[in-house]
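Order of writing sets the chain letters: A, B, C, D, E and F. Residues in each chain are counted from 1.
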Amino acid sequence: MDALELLRLNLLSPMVLAYFLGVAARLLKSDLAFPEALYTALSIYLLFAIGFKGGVELSHTPLAVVLLPALFTLALGLFRPFPAYLLARRFLRVGREDAAALAAHYGSVSAVTFLAALTFVQAVGDALPGFMPTLVALLEVPGIVVALLLAKRKGGRMGEALHEVLTGKSVVLLLGGLLVGLLSGEEGMKKVEAFFVEPFQGALTLFLLDLGMVAASRLSALRQVGFRLVLFGVGLALFHGALGVYLGLLAGLGVGGAAVLGAMAASASYIAAPAAVRIALPEANPSLYLTASLAVTFPFNLILGIPLYHTLAVLWGG
Amino acid sequence: MDALELLRLNLLSPMVLAYFLGVAARLLKSDLAFPEALYTALSIYLLFAIGFKGGVELSHTPLAVVLLPALFTLALGLFRPFPAYLLARRFLRVGREDAAALAAHYGSVSAVTFLAALTFVQAVGDALPGFMPTLVALLEVPGIVVALLLAKRKGGRMGEALHEVLTGKSVVLLLGGLLVGLLSGEEGMKKVEAFFVEPFQGALTLFLLDLGMVAASRLSALRQVGFRLVLFGVGLALFHGALGVYLGLLAGLGVGGAAVLGAMAASASYIAAPAAVRIALPEANPSLYLTASLAVTFPFNLILGIPLYHTLAVLWGG
Amino acid sequence: MDALELLRLNLLSPMVLAYFLGVAARLLKSDLAFPEALYTALSIYLLFAIGFKGGVELSHTPLAVVLLPALFTLALGLFRPFPAYLLARRFLRVGREDAAALAAHYGSVSAVTFLAALTFVQAVGDALPGFMPTLVALLEVPGIVVALLLAKRKGGRMGEALHEVLTGKSVVLLLGGLLVGLLSGEEGMKKVEAFFVEPFQGALTLFLLDLGMVAASRLSALRQVGFRLVLFGVGLALFHGALGVYLGLLAGLGVGGAAVLGAMAASASYIAAPAAVRIALPEANPSLYLTASLAVTFPFNLILGIPLYHTLAVLWGG
Amino acid sequence: MDLVPLKLVTIVAESLLEKRLVEEVKRLGAKGYTITPARGEGSRGLRSVDWEGQNIRLETIVSEEVALRILQRLQEEYFPHYAVIAYVENVWVVRGEKYV
Amino acid sequence: MDLVPLKLVTIVAESLLEKRLVEEVKRLGAKGYTITPARGEGSRGLRSVDWEGQNIRLETIVSEEVALRILQRLQEEYFPHYAVIAYVENVWVVRGEKYV
Amino acid sequence: MDLVPLKLVTIVAESLLEKRLVEEVKRLGAKGYTITPARGEGSRGLRSVDWEGQNIRLETIVSEEVALRILQRLQEEYFPHYAVIAYVENVWVVRGEKYV
């Protein structure tokens, strides 16, 4: 499959189309709106299901196989805040707090970007290690912690923010789901796969419809913040994405796994990081980091990034 | 199958029984109540899923096959407000605004009635063209616009109401789902059918349970408004239903398709129309149009109408 | 399978693990929380689905087969409030109102305990009569009524409370679902099983995650109320559970059915009873009955009780 | 503009009481009411979203006389056993004559 | 501490009006507003959670002048046809100068 | 009837602050509080239902002294960085002695 065909394949999946539909609905000022409870319910379902599937896979994967990918993912998590922080200071010319806030977002991971990449790679037909969700859990937290440390030297609400990160609902659901899957194994999977596995992509489609609406309502903020933020969000995604693909191949994840790790590395958090940053760095401007993460980097990855990282993985490792 | 057997088949489906259960729960003053978010979530799911399935079907239907049914459906949409308006003025003796409000409701379509008819026809075993959901989308809007034009000659909040109709959530979900289905085709269907297709009838059952409760809480209003409204709602359903069956056969939809088009034509809107009417015609009495549409025409079609239109289709076209 | 193996099988099911995850999330002070609408939606779904499945089974079960189990279940419902009341008065030394309130809870049944027992017995591989959900519906109401009569000799809000019990949402959904299933039979089942049957255990897993959080937030209340309440909740469960197993074997339910009836008898209500008690006995202390039912008896049954009642059933009837 | 000075009575109570409170205030002379969902903490501890059912916050605009009647009734009938708080304040209401 | 005496205008209306009411109050001078979901009963009967859409409860803190303008507008434009109730009361606001 | 004149403090804030605000008001002397979900718009733009988390509307009935302490604390600690609005008004409370 060539790059254009990949792009087409990605653009015409129900998930990406539903995202566009959401954007269109908001731009047309439709009264379509998801109740907050539906949004929360879908995100609880998706996060737990990702974790659970990862756990079940892990239950029949030898530790030796996971070790290297896990270490590389951890390294990615610890490293990524630095380029983000520097780029924010130098290129966006924002203050310490805003830079650290952006670093926290680009140091963590977007579970939905991960899922979109997974779906894409499966549609392409590549083999894929089963433990990828484990890596998502590993990538989520460390970057946020590093970024907060970058901003604060002394006291403040650091402790509270750390607690918020570690016990935040996305971490609890991902890691908790992982444990439940790990302990209940294939036996458990058989009982609940008609709920957590089969309808999963459809639920994701509905979630992306809502996410499209949320992102579109950020577009006006984008106009205020300016074009530099677009460059920042895309540039960082490309750099982190390439790095992720490279490390993924090095870690032996194969083309499919490397493409997914690339998409994970390229993504920016919009669940765990905002909550932590709002507490630890209240002076940072939410408009900046939410717009960058949600209205620039997320759609870029969803639409162009994922096929790109895949092409890169084929090029370097195929 | 004879008419009585059809009626039994219809009455004993889980959907219709769930509707009765809802009515009973309300009459018994049970504290059973659906959270608003659940009601909204189910309606988002149902509308998007109908559209999506229609779109996928459309993706492998030649345009020529759809053209005639589409034109006839459009004609139905443009025509139906007139009998409704006249009957309301002459027989119910209500004012212009109330008549136009009723015309808007009986000029649009009830998605749930459509679904119930679809389920019924599938249970009977008739062949059915796949693009029927496309027709629902076509039938939803024109009648409302015509009816509003009937009421207003000059200005007012016409523009706003039109915007409300065209970007209302039911239109966006139906048409949007259709586009998503059309573009992602069978490939997309495979990914999400475990969510949007297989559990569909069960979700509809739950929705009808709630609808039964809503309708029952309108029954006291019915007593106030009087018996004429029952005649109005049933008479109009029968006339429009027969017309729909006839045009359906003419358009080559076959017995099954004609029965479904009949049920669609016989139905009255209770999502798109009320929202538009409340804005464009605030003087019109909501008790009148909501009661007619929800507590008369909807249950009539659900229980007796659908098997009747089917019998008619067999009679005329079998 | 020996008792330890059974315990392991039970502890490592996704449902029980999800419950522990919920407890852990609350103890870690995670911000994870289910929207109220999600909790309500899941409980509506679970109750209706239990009833529906029971009804479909009943539709092809001869009345003679159900009669004895039904009578024995009714007897259990009428009897169980008395030991609960006496134990509360003598051992916990609480007043009349509190004792009657506890009796109402231990005279009714917990649908989720029933489901957990059902899942467990199916995993073990025992045969199981299909009409067990019918028995849940029978066990839910009588005990509450008896308990309220124990407390009140004259007037008060007895009538209102009785209405609350009989038209409460759990009764309406269970019995209503039963009727829908009974009338629509296997035909109806085919239409909706992809919604009400296949994903059922997964939905139950999510529900138990929430229940774990709710129970954990009761743990501090437990410390105040004291250790006697733990003995009360466990002792009563064991006594009622053994009685249930015994009667189940006597009624010819077989080992599997007797184990499930044991778990039902051992359980305490936390949906129907609290609502009724709060109205009929406002002087009773909610902290007492909610803590006993939710933070003592429920987890005891879920974790240890169910395998125990099964072992007992094997011992006495295997 | 006709602004009529009236009393706004606010009652926060466990949601189980909704049906009864609505009947009470209507019986005692209120022409309408508005309810918002709520949660809270007081002398009886946390009333959480989940289990014991949440609270409701019921507001009704009434004449001073009706206000006093409602509060009296609450104090006698509901305060002893239920989680309730109630207070009254002064408001100026558009077309206020509708509500007395 | 700087507490500024201002007016709190509360509007309860059918939720369909939300977009229009928000535009109105902003156009008439409000610097902000807070909305909570509500349901209720009045002269037009029960406005239930389900069907006709619920009510909203809109609050805005404004100067007396703006308050009167808003109430005037409501009385003329909305009271005849829609389910609406509106009232005003006195509040003391932290950093109140932000809201005038 | 015993109606005690007290202060009703209302705080509208981003919902992320809920836990902290509850701790603050309790620490400063409030005996209880009521929270309703809310959304709104102010100087920091729209606080939508979806993303940034909605607002909460926290009410607490307290003595004048406690009211001033709470508002003081809010002004110093929360107004600079968070989306918050706070005001106080006079209410008459049934069995008001419970709340001081």
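Everything that follows uses one rule, which is that a contact is a pair of C-beta atoms (placed from the backbone, for glycine too) under 8 Å apart; a residue touches a chain by one contact, two chains touch by 3 or more.
Here the structure is a predicted model, which is why all the values come from computation and not from measurement.
**Q** Going only through chains that touch each other, what is the minimum step count from chain A to chain D?
**A** Contact-graph shortest path, chain A to chain D, evaluates to 2.
**Q** Centre-to-centre on C-alpha atoms, which chain is most distant from chain D?
**A** Farthest chain from chain D, going by C-alpha centroids: A.
**Q** What chain lies farthest away from chain E once each centre is taken as the mean of the Cα atoms?
**A** Relative to chain E, the chain whose C-alpha centre sits farthest away is C.
**Q** What is the distance, in whole Å, between the centres of chain A and chain E, each centre taken as the mean of its C-alpha atoms?
**A** From the centre of chain A to the centre of chain E is 40 Å.
**Q** Need the CA-centroid distance for the pair chain E / chain F, whole Å please.
**A** Roughly 19 Å separates the two chain centres.
**Q** Which residues does chain F have that touch at least 2 chains other than itself?
**A** 36-37, 89-90
**Q** For chain C, give me the residues that contact two or more of the other chains.
**A** In chain C, residues 33-37, 41, 199, 275 touch at least two other chains, as defined above.
**Q** Just spell out which pairs of chains touch, all of them.
**A** Pairwise, the chains that meet the contact rule are A-B, A-C, A-F, B-C, B-E, C-D, D-E, D-F, E-F.
**Q** Show which residues of chain A lie in contact with chain C when the two form their complex.
**A** Touching chain C from chain A are residues 35-37, 40-41, 44-45, 48, 52, 163-164, 167-169, 172-173, 176, 179-181, 183-185, 187-188, 191-196, 199, 275.
**Q** Mind pulling up the chain E residues that touch chain F in the complex?
**A** 1-3, 6, 8, 22, 31-37, 61, 89-96, 98-99
**Q** Under the definition above, what is the set of chain B residues touching chain C in their complex?
**A** Its residues touching chain C are 12-14, 17-18, 21, 24-25, 28-38, 41, 119, 123, 198-203, 205-206, 209.
**Q** In the complex, go through chain C and note every residue touching chain D.
**A** The touching residues are 33-34, 36, 39, 210, 213-214, 217, 270, 274-275, 278-279, 282-283, 286-287, 290, 294.
**Q** What residues on chain E touch chain B, complex-wise?
**A** Residues in contact with chain B: 14, 16, 45, 48-52, 54, 81-82.
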